[in-house]
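Look at the two complexes coming up: subunit A is in both, with subunit B in one and subunit C in the other.
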Partner chain A sequence: MTNRRQFLRTVGVGAAGFGLFGAACTGTDGADAESDDNSDNLGFSGTVLGYPLAKPTVTFTDTSGQPYNIAEKTDGKLTLLFFGYTSCPDVCPVTLGIVAATLKRLTGPASKANVLFVGVDTARDTPQAMRAFLDRSSEEFVGLTATPELIDQALTELQLPAPVIDDPNADEGYVVGHASQVLVFSPNDNLAHIIYPFGNDSRGENWSKDLPRLQTYEFGDTTR
Partner chain B sequence: MHGSSPLVRRLLLAALFAAGAGLVLSACGASTSVIEVSGAVLPPPATPSEASLYLTITNTGDLADELLSVETDAAPMASLHKTEIDDSGMAMMGDTDTLAIPADSTVRLVPGGLHIMLMDPEPLDAGDTISISLTFKEAGVKTVEATVVNDATELPS
Partner chain C sequence: MRWWCSANGAAWSWEWRPFIGAWVIIVGAVGWLAWAGTWRRDVAPRRKIAAVIGLVLLLGAIDWPLSALGAGYIVSAQMIRQVMIVTIAVPLLLFGAPESLGRWLEATPRRRAVVRALTYPLVSLGIAVVLLIGVSVPVVVDPLITSQLGSFALDMAWISAGFLIWMPVQPPSPMAPRLSGPVAVMYLIAVSIAPLPVAFFMTWSEFPIYSVYELAPRVFNSLDAKSDQELAAAIFQVAGGLAIWIQIAVRFIAMSGGLSGPRFRGTLVPDASPAEVS
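Moving on, here comes the complex of A and B:
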């Protein structure tokens, strides 16, 4: 890991911590009766952010080799964004698998949600590797790649920690650390108001309940 | 026993008493690890080279145990891994050599935590079952069937 990565990671972690702090404060100010909605995350399973996040400005490359600007391609559509890597055995396939199974069971517009997967392990996450990896969950899922610098930039914009990538030249393979949350961008204002940590808040039943609501939910200035 | 002498009856009673005392002594003398492995499942592998397996280990005995190794016919290598997720949401995987199973405890291997990693598994489809053997320091080898579930929503959490 280079010093730059270490620095970016520190900045990312700090920023994520600040975001969480903001979120924690949202539900505690004002009268209890008025803050009920926010303190229970507006009834959603994820964590309502202290302030909403815009889609990253980075132009990625999709698995067919075409440029992919998230803001342009997903404008006005419910969009889930997740950063992982194709050699990931646990968190990534489970996250994608749960979302894929949920979308198959849903009907209506929410069942067509965009699911974007950014491969942070640029040495191994080739477009071909990502396509094969994603197809095991869904052929509809979009795989995105970019240079490490641009991926770091996107993560910084989203206040997520930059990846930690051990020595890629190690004989026995190497371990990758990655942000494990899913960000959901609203179709109404194209902003992410909610982040889903891996685990108990992102089970199939949570997504089944939340995605149709997120499809139409008007956040307004509830999180600002 | 009709017709047996009082002496024989007394000897029989003495023998029964001794046997009972022996049982009580053996129960008091040595702690035991009583291990049950249940709920073994795996999702259809996400990559051809790796598959994660999840299960629950319960020790109802009064002796701490330790999971030493894992083997399966379905893959040339199986090992214990642990995903750790820090406060920022950063997930990172590491090896775990052995796993402590304290007395009177349940240890769950679930996504985002401990799992058994199968390297280069045979092709696995939903509904398939594989046999997996866990070797414990005290309780010895426990072999269970693991089922490949249809999708990730059927995994423990």
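Moving on, here comes the complex of A and C:
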């Protein structure tokens, strides 16, 4: 019996080591590698936060010029919040496109999730520009803007970095560095327990699996 | 300047950016063909034309913009490249290859044995299909295509698969093809069918299967990742199939003696009058 236990222990350690080696070899980037074991993330593809975040208290302005308080307007609804800018060449249109395609594919309450896009490039993100930009993905998406100070305040409340405006490039355009994760606010408690960084976690297949669950999931206390 | 195309996540730009590796390969090929005697006067013009077209198509497939689009932005561009390389450029290059290559391949018993083994139809087609399917699987494509070396490996796999597919039916002159006539036609039909599972998977998958293309900056706003994937599958099946079936049609026509009917080597004797015959 002792020899059998020792044998099994050795095999188990060896298999675990081999598995770790194999996982290391197949992963491309730790931040982007799709985890086979989502147990830390409660089975979701996104990243469960160490502590939940409340909706920002800032009152934005939507693309029709009306005031938009996120907490009031999206109370009790599954809400996706994303900060970007309309001249973004990559992350923003791709993220919005994937989310739009996902919502179109879904049926049920999750397909009606609110998607809010806050334009951080206040110089170029006019209401008209925002509407045109968002309509390429979905006419249902809500575009929000505010003064730079209020946007910074909202980002601070959400523990996100402030946007960084780069120097103008050759054609006098410029790139804006911004947080690329999507915050998802649960309809049950109006808190963001989970975020989806841009990458493999935010592919359409993962959104399709997670959004219906997020519509009804009771996060409870995920503080750690 | 990059030596080979690969996905880098940057927004697409229509600014011309050639890849050194592609030009090195093509210039090297042109130089070798010249040294090997492809451009000699006694070489049939159609072989020279085939070699030129093959090289132009190969350059088009491995250089900007098609290679850059295919490596990092649009999977349908990648499929266009695959069809261009595997079903059009390679057979043209084999047809236009100099005779010195064919003679070199058969110069020694060992080379002949290797060539015979690799051009055995079941072996060549089997390896080629494994290669083509292998380099279409997301778990292979997604990590490899993000580096220049990985992307180069994928392209070399296509080129290798192309040569393996076509060698049994169209080796460099003066080598005799392993397959000819109806058997060659049946082989090419099998070639047109064998890689179809990849296209079916791309067509019927509910989601984009390649993360590199799903997360890539959009080049055309109206072309989302799923539509792009379906378009790629259609290109693979339709364009790729068409290229092979054109070859099949040409061989079929050649088998039947061409449109003008059977040709004879002799000289037709004028019909004798009945009086002369009796």
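Here, the second predicted complex is superposed on the first by the 177 of 224 C-alpha atoms of A that agree within 3 Å, B and C clash if a C-alpha of one lies under 4 Å from a C-alpha of the other, contacts with A are read in each partner's own complex, and residues count from 1 in each chain.
Keep this in mind: contacts are C-beta pairs under 8 Å (C-beta built on N, C-alpha and C of every residue); 3 or more make two chains touch, one makes a residue touch a chain.
All values derive from a computational prediction rather than experimental measurement.
Because the two structures share subunit A, they can be overlaid on it, and in that overlay subunit B clashes with subunit C.
Shared-chain residue A:197: touches subunit B; no touch with subunit C. With both structures placed on the common chain, the touch criterion links A:90 to subunit B and to subunit C.
In the superposition on chain A, A:136 makes contact with both subunit B and subunit C.
Judged by the touch definition given at the top, the superposed model places A:160 against subunit B, while subunit C stays out of reach.
Looking at the shared chain after the overlay, A:98 reaches both subunit B and subunit C. Within the superposed three-chain model, A:180 lies in touch with subunit B and out of touch with subunit C [touch as defined at top]. Between subunit B and subunit C, more residues of subunit A are touched by B.
Once the two complexes are overlaid on chain A, the subunit A residues touched by subunit B in the first and by subunit C in the second are 89-90, 93-94, 97-98, 101, 136, 198-200, 203-204.
On the side of subunit C, the complex with subunit A involves touching residues 9-12, 139, 142-143, 146, 206-208, 211, 214-218, 221, 224-226.
On the side of subunit A, the complex with subunit B involves touching residues 12-13, 16-17, 20, 86-94, 96-98, 100-102, 132-133, 136-137, 160-161, 164, 175-181, 197-200, 203-204.
Those residues of subunit A that touch subunit C in the complex are listed here as 26, 28, 89-90, 93-94, 97-98, 101, 105, 136, 198-200, 203-205, 208. By the touch rule above, subunit B contacts subunit A in their complex via residues 43-47, 49-52, 81, 83, 85, 87-94, 111-112, 115, 117, 150-153, 155, 157.
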